[in-house]
Amino acid sequence: MRFVAGCAKHRCMKARILITLKNGVLDPQGKATEQVLAGLGFGGINDVRQGKYIELDLAENNPTNALNAVRAMCEKLLANTVIENYEIDLDE
Amino acid sequence: MSEITPEIVGEHGLTPEEYQRVLRIMGREPKMTELGIFSVMWSEHCSYKSSKFWLKKLPTEAPWVICGPGENAGVIDIGEGKACIFKMESHNHPSFIEPYQGAATGVGGILRDIFTMGARPVANMNALRFGAPEHPKTRHLVGGVVAGIGGYGNCIGIPTVGGEVNFDPSYNGNILVNAMTVGIADTDKIFYSAAAGIGNPVVYVGSKTGRDGIHGATMASAEFDDDSEEKRPTVQVGDPFTEKLLLEACLELMATDAIIAIQDMGAAGLTSSSVEMSDKGGVGIEFDLDRVPVREEAMTPYEIMLSESQERMLMVLKPGRENMARKIFEKWELDFAIIGTVTDTNRLVLKSGGEEICNIPVPPLVAEAPEYERPWVATPPPRVLAIDDALADINIAPTDALARLVASPDLCSRRWVWEQYDHMVMADTLRRPGADAAIVRVHGTDRALAITTDCTPRYCVADPVQGGRQAVAEAWRNLTASGAKPLAITDNMNFGNPERPEIMGQFAGCIEGMTDACLALDFPVVSGNVSLYNETNGTGILPTPAIGGVGLIEDVNNDTTSAGFTAEGEAILLIGNTSGHLGRSMLLRVFSDNYRDAGAPPPVDLEAERRNGDFVRDLIVGDRVSACHDVSDGGLLVAAAEMALLGSIGAEISLPTTGIPAFAWLFGEDQSRYITTTSAPEEVLTAANSAGVPAIMIGTTGGPQLTVGDGNSISLLELRNAHESWFPEYMADV
Amino acid sequence: MKAAVIVSPGSNCDRDVQVALQQSAGSEPIMHWHGDANLPDVDLIIVPGGFAYGDYLRAGALAAQSPVIQEVVARANKGVPVLGICNGFQILTECGLLPGVLMRNAGLKFICRDVDLRVEAADTVFTLDYMDGQVIRIPVAHNEGNYFADDATLNRLDGEDRVAFRYCSPEGRVTDSANPNGAARNIAGILNEGRNVLGMMPHPERLADPMLGGNDGRPMFDGLVEALVATE
Amino acid sequence: MRFVAGCAKHRCMKARILITLKNGVLDPQGKATEQVLAGLGFGGINDVRQGKYIELDLAENNPTNALNAVRAMCEKLLANTVIENYEIDLDE
């Protein structure tokens, strides 16, 4: 797949990707953060899960193409699909 | 109504015959949780069913051995009331699936094996084998594994002081990640796993139990698949921070007299830890699974027993010490739960929701675990390569050959790897990675441990017996070259599918060779690990019996020496006999079209090995040499180049006057050899002569370059660039 | 001289600092548990390296919330010398005693090796036994040592002579290639306004014993002991 | 601020927090990801920025209280406001 580069000439899309740990996968970061929040007196927190957030600017104006490309990037690099899920959100 | 169908038995990895044995032991059909327990206890990983027959042959005794194989780790006496506790373990398959977490949890697991015995871990090592550098997966795997090992070890604050890295296409689909930990304990404060004391509390500490690592195949069975949920990953995630807390909390409790027995939860978690504790103690254990701290909702007893969640321990405490122990674990913000008691029934009894869901007699579960003497065929003896044939198609100047060799994936500097490991934390690393053995001071004393890992799989595949000998001998040699007295080894036997007779033949051959070497060198095996089925599409990995060796330096102020040249104008001596053996050499791997990875590996003469090594150690301890390095992969010129680079001092190396062709002499991989430097060569040569040890002067140190023969030279700068660039360039932009 | 080393869960250079201090001071520092806000009266506080709270979320962020850290801030404000090494530096920035933040290394990898440092401020209790412009060799071992602050802050640090150490070449030149982690202006260590708080990424305690291959860290501890014993 | 704990008895809210680097702060991770994506043949990517995503389960049913609490957590701990911005999204 090839996109034409250059945001100036073409319309640009922004992809926002949320990467979260799959259910049941241990989240040591979330667990430690939860403990410290509790220690600071923030009560009533039942669960803290930490993930990644990635923003991409794409030189692409066809949403289907963009979604396919971003999905491929997630599968190939951005998410570790053995333990992570990803969610893609496109806006123009 | 039969719950257990032949399919379920198959998914649990049990053969029909093995299942018949289960039925006989139980006297009835097992319940699902019981079947799960048999399945993991009788797996290759836990039962060593294919390898036990052979492992029994390894020598395990010496006057300094306190505890040989069978416990969590081996224990040796290092004097002054201290013991060294160490072991190596593989995490091959998980690291291939998810390199970062697989390698990280491998480090976590081996650390627990060490501190569960009462030792504070003081050093980590790692022996890594990857596929061909050009294989599309290799870079990603190298990057992930190294980051994972560093991620865990750096965080917990145990220095990673050395290891080895090999590349070979046979590992394309099965990388090897073997991690070793060395710890130090007081000899009168070593903890074992045998449960004792009827009625004593059994306590669970550490992280909560989740559904980590429950075997994929069993998860697929309809009963246990929570249909709404995504297919659960079988990869565990490590939490080095929690492990650090667990380490400190355990050591704090161990300083009291509260613990009767302790066992980490490794593979097969609660199952193997409880079975081992009760079997070793000749007692029964009863658990109320409702009291096990869990991380996820609605976990079944089956899942709780089979979970491989990390950073957990099981202990038997003296009665009345529970509250004191609880306080320690709560201070370190860890879970602490009394989940059961020691009983006199010899049975593992599990209750959940008030119901008994498991009741297995422990002695037959352990004693009647299957053991196979699988058929094997010896590897046919390889043809010895004639030197002239081997060298026929090599036509290049020695220093050009050297520059390419030290820049090859197998011989280049591993700096890219070890700089990602904190190798200095704890402030006792006297010799950092980059030379032979690492040297780690016994904290607060003038003693030190020398530590190394070694194996040359390309030798093992050609001749498993010689390869097995060589792996042990090289470890011994590396320790010796640092001035240490080699004491004992741990091993990690990585092989292909044991159901193939050729693979079992490799296994048998390596064991035979290792046994010979251990006996000849007084270098017993005190712990180890076996990893089989490292095979993809019928191609197995090179047989890889990785050896982790530990030696003792009694006085760090006097008994060790540099691995690099230390002064200009000193004589360079070669200790040991050189015949110019080229079979399986790095020279041929890099330069030969016809004989790459061909021929017989260099044989190891164990008597000469012992004689040469003992002589060299005496030289070092007697302060009669200024530097010492063993000669291994790549031969004499590569070893000399390494010494020059380490010391930033060049050298002139002369060519042989004997009948050996120059390239065979410079790059042959004859065993049992060392390079040393001295300002009084005559003295050393005379001493060698009277000890019956071959020794000759091969050159002089000095200058900014390495010169071979008359005038063929390369500057140290160029040599260093060649040596240092391959790894960072290969790993750029991963 | 009485010193306290703050021990957090996940500290792992606490013992190394203890050994180095003891060697210079001749007496053992107090090893003070982070959860205990009652810090005894001391002449020196050291926040050592490690991975307090696993360095989860951001390096040093969770540890900066420990009960004792508020007390450390209060003491620092009263003028008690506070030295933060590596993770300790990260904690001191997260709790606001020092400006800026330590971001992930530019190379995105953990780095453990010796680096050369140029001493930029030899007039503090921490650097008495060094000379301005002196080049010393000290190891770094971190994943997040990439010092960042906005230009105004950096200018202020420079203008007030509050950069204590910079990464440099063996000859003392401040170059990009001598910068191991991408730190702004090669900054390896900085001081607070009162010059009684020093945060630094390199580990002086790791080369304070010639057996370990160097002794350039030793003068920091010797100097501290001299200065603080003299003020007693 | 105190919440009453226990998701079963009370209604639960989920807070989703996006933490991103401020403009002008160098993002080496984003840069590296961008390069690797390009190396993998994904063209037309103009910018990659990497941040954090944190999910909290709160035992709270008043949106204003929840938002205030989460904002306080961000200021105090979750974000380093020297270099990071945060965005809070609440759903029930």
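Note that the chains are named A, B, C and D in the order they appear, and that numbering of residues resets to 1 at the start of each chain.
We adopt the following convention: a contact is a pair of C-beta atoms (placed from the backbone, for glycine too) under 8 Å apart; a residue touches a chain by one contact, two chains touch by 3 or more.
Note that the structure is a prediction, hence the values are computed from the model and not measured.
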item: For subunit A and subunit D, chains touching each; value: B, C
item: Pair with more cross-chain C-beta pairs in contact, given B-C and A-B; value: B-C
item: Centroid spacing, where centroids are CA-atom means, of subunit A and subunit C in whole angstrom; value: 35
item: Inter-centroid spacing, subunit D versus subunit B (mean Cα positions, whole Å); value: 41
item: Where subunit D touches two or more other chains at once, by residue number; value: 32, 36, 76-78
item: Touching two or more other chains - residues of subunit C; value: 53-54, 56-57, 62, 65
item: Touching two or more other chains - residue numbers and ranges from subunit B; value: 239, 241-242, 333
item: Category of the chain touch graph - line, ring, star, complete, other; value: complete
item: Complex contacts: residues of subunit D adjacent to subunit C; value: 24-26, 28-29, 32, 76-78, 80, 82-83
item: Touch list for subunit B against partner subunit A, complex; value: 97-98, 100-101, 207, 210-212, 229-230, 232-233, 235-239, 241-242, 295-296, 309-310, 333
item: Residues on subunit C engaged by subunit B in the complex (per definition of touch); value: 9-13, 15-16, 19-20, 35, 49-51, 53-56, 109-113, 139, 141, 143, 203, 205-206, 209, 211-213
item: Subunit A contact footprint on subunit C (complex, rising order); value: 53-54, 56-57, 62, 65
item: For the subunit D and subunit B complex, residues of the former touching the latter; value: 32, 35-36, 39
